[in-house]
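The two complexes that follow have subunit A in common; it is paired with subunit B in the first and with subunit C in the second.
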Partner chain A sequence: MQHLDGNALAGALAEFFSFDVTTAIARCNGCGAVDEFARAIVFTSPAGTVVRCNSCDHVLATLVESGDRAWLGFSGVSAIEVRRG
Partner chain B sequence: MIGRPSVPRSGWHPATVVANTPETTTAARLELDVDGWPGNAAGQHLDVRLTAPDGYTATRSYSIASAGPATGDTTRVVLAVDRVPDGEVSPFLVDVARAGDRFEVHGPLGAFFVWQPAAAGVAASAGDGEADAAGGPDAAGGPDAAGGPVAAATRPVQLIAGGSGVVPFVAMAQAHADAADATPFRLLYSVRTPADVFFAPEFERLAAASAPFRLDLVYTREAPAGWPTPPARITREALAEAVLPTSDAPLVYVCGSTGFVERVASWLIELGHDARAIRTERFGGT
Partner chain C sequence: MSFITRGFGGRSRERDDRLPPGQTLVHDFPVLSAGPTPEVDTAEWELRIVTEGATHRWNWDEFNALPHEDVNTDIHCVTHWSKLGTSWRGVSLDTLFENVESQFDFVMAHSYGGYTTNVPLDELLDGQAWVVTEFDGEPLDPEHGGPARLIVPHLYFWKSAKWVRSLVMMPRDDPGFWEQNGYHIHGDPWQEERYW
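Up next, the complex of A and B:
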């Protein structure tokens, strides 16, 4: 499966968040790396999207969409830095 | 904070095709009129959503080749779409869509793969805000910490494109020219054949404009007659020769297929470029 990067999440996540998630900075639970979501590795399939740390491959987040519902998981992220304004 | 890209709020907007013209043998340039478009920064993308009569939808992301409001008419959005064989959206956009057709677009999207001139009052986003790392989730080294002090907007810019990955770069180069920005700008552009070059007239004009811009083409399958080097995929050595040297501390943007982007990005790091000053955008493919 050909992967993408976090830039590809901008549209899907803009449905749920009022800030641009791709420039938000997340800390990976797996290795402690701190990086923009845009630099994460993203795997998409009809079943959903998996976001992995570009340093240690740990799963940072998952997104599953079905009809009028969506399931967002941030199991691998301990904190997110968001710029105000 | 030195600055960060100031990008308009995204939303869904109805788009009407104004013109669909061939860009290359496999790609089309789509000029859209997007109702309520808030403008976009150079390098941003949008999502196109097509809806079938039975309600089935297909959504794909496309880089925006235009940047507003410098273009004057902010509802005008230009895309250049390469046909993906067996794709769900691109064959419609390239081969079927014609003036008057309507579909929905979501954007502008993404503030990471963006360049803005200093005149806009914001720095280029790469390496911005190194001071902000202390406020990040982990004070011991945010992602910008290694970037060092930067005057981002005055750092020279090296763009590296594979195939249709050049689309966001025509917007960046145009924004650079529109601002008469003195920052050195270079584009290294890998294409299969001369017929596959996107935005050839635009790049020719940009190279002649007052803002410093240089285009270096690498032909991988077929080169024009008299071209100094035989067609070949780019190598690490060719990359090292064509890109701005590490001593210039350039911001580097790489866009193309996943394989191209990762090959180039790993070479750049091997050549000594600062990983934090390299921004990548992958569009999958082969």
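Up next, the complex of A and C:
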């Protein structure tokens, strides 16, 4: 299964956040690594997008889309750091 | 309903009645995955059923010594494709659960690689589910869940966990991976139970 890097999230998540999520930083609940979403590993399929930690493969976030409904999950991170300015 | 033309009515009558609502027939076998394909060596492979009191285990040789069945069935993916008359070979969950005792009514399937999905026990028994190791007469390809995957053909195919490793009994119908993240807790294609 081929994967992409976290920059692939920029377009998909732009409608949900007023900042660029790829530059946001989070700590992986699996291994504790702190990194930008841009450096995450992204698996896309028609079922949904799965964002995984590039250190331990733990699932950080998910995006499921169906027409006018979308489900955004951050099951693998507790907080997101957003750099201001 | 005179505004409906003969053309529309004709098309709907030609629709294959084996296709649930909202599904389209495919002849290839699309690969959907939530992560990397785990490399599972059959020398290390183990299938477990875990209850509140015991763990039942089969290694690869023990699993292959169990009675096997050929399964010919239609499969339906929540992403709107269906594949009719697919051929699998594996062990019925009726066989695997023959000596399993539990007070719990629900099962969480866990996969190598970390995937999970929940299914009520009564939808895994009575000839409704199998752990399969062959597709179309060949060993199951890793990208399709080999060496062994669960198939529960009467539910959307995300319930048919690839790379199945353990079936853990649980007292409540806790949601698995996709069920936590937007998909339906049950997943009946004939009821279009796609999302929560």
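Details
By our rule, the second predicted complex is superposed on the first by the 85 of 85 C-alpha atoms of A that agree within 3 Å, B and C clash if a C-alpha of one lies under 4 Å from a C-alpha of the other, contacts with A are read in each partner's own complex, and residues count from 1 in each chain.
Definition applied: contacts are C-beta pairs under 8 Å (C-beta built on N, C-alpha and C of every residue); 3 or more make two chains touch, one makes a residue touch a chain.
Small disclaimer: the values here were computed from a predicted structure and weren't measured.
Steric overlap between subunit B and subunit C is absent once the structures are superposed on subunit A; the two fit side by side.
Touch criterion met: A:3 reaches subunit B and subunit C at once. When the two complexes are laid over each other on chain A, the CA centres of subunit B and subunit C sit 120 degrees apart as seen from the CA centre of subunit A, to the nearest 10. Once the two complexes are overlaid on the shared chain, A:83 sits against subunit B while remaining clear of subunit C.
Residue contacts after overlaying the shared chain place A:35 against subunit B, while subunit C stays out of touching range.
In the superposition on chain A, contact of A:25 is made with subunit B only, not with subunit C.
Contact comparison for subunit A: of subunit B and subunit C, B touches the greater number of residues.
Of the two partner chains placed around the shared chain by superposition, subunit C is the only one that A:47 touches, whereas subunit B remains out of contact. Our summary of the superposed model lists a minimum C-alpha distance of 13 Å between subunit B and subunit C. Looking at subunit A, you'll find residues 3 touch subunit B in one structure and subunit C in the other. Residues of subunit B touching subunit A in their complex: 4-5, 7, 10, 45-47, 59, 61, 106-107, 109-113, 125, 132-133, 135-138, 141-143, 258, 279-286.
On the side of subunit A, the complex with subunit B involves touching residues 2-8, 10-11, 14, 20, 22-23, 25-27, 32, 34-36, 38-39, 78-81, 83.
Chain contact summary for the complex, subunit A toward subunit C: residues 1, 3, 43, 45-48, 50, 52, 57, 59, 62, 64, 66, 69, 71, 73, 75. Across the complex, subunit C meets subunit A through its residues 30-37, 77-80, 114, 143, 158, 177-178, 180-183, 194-195.
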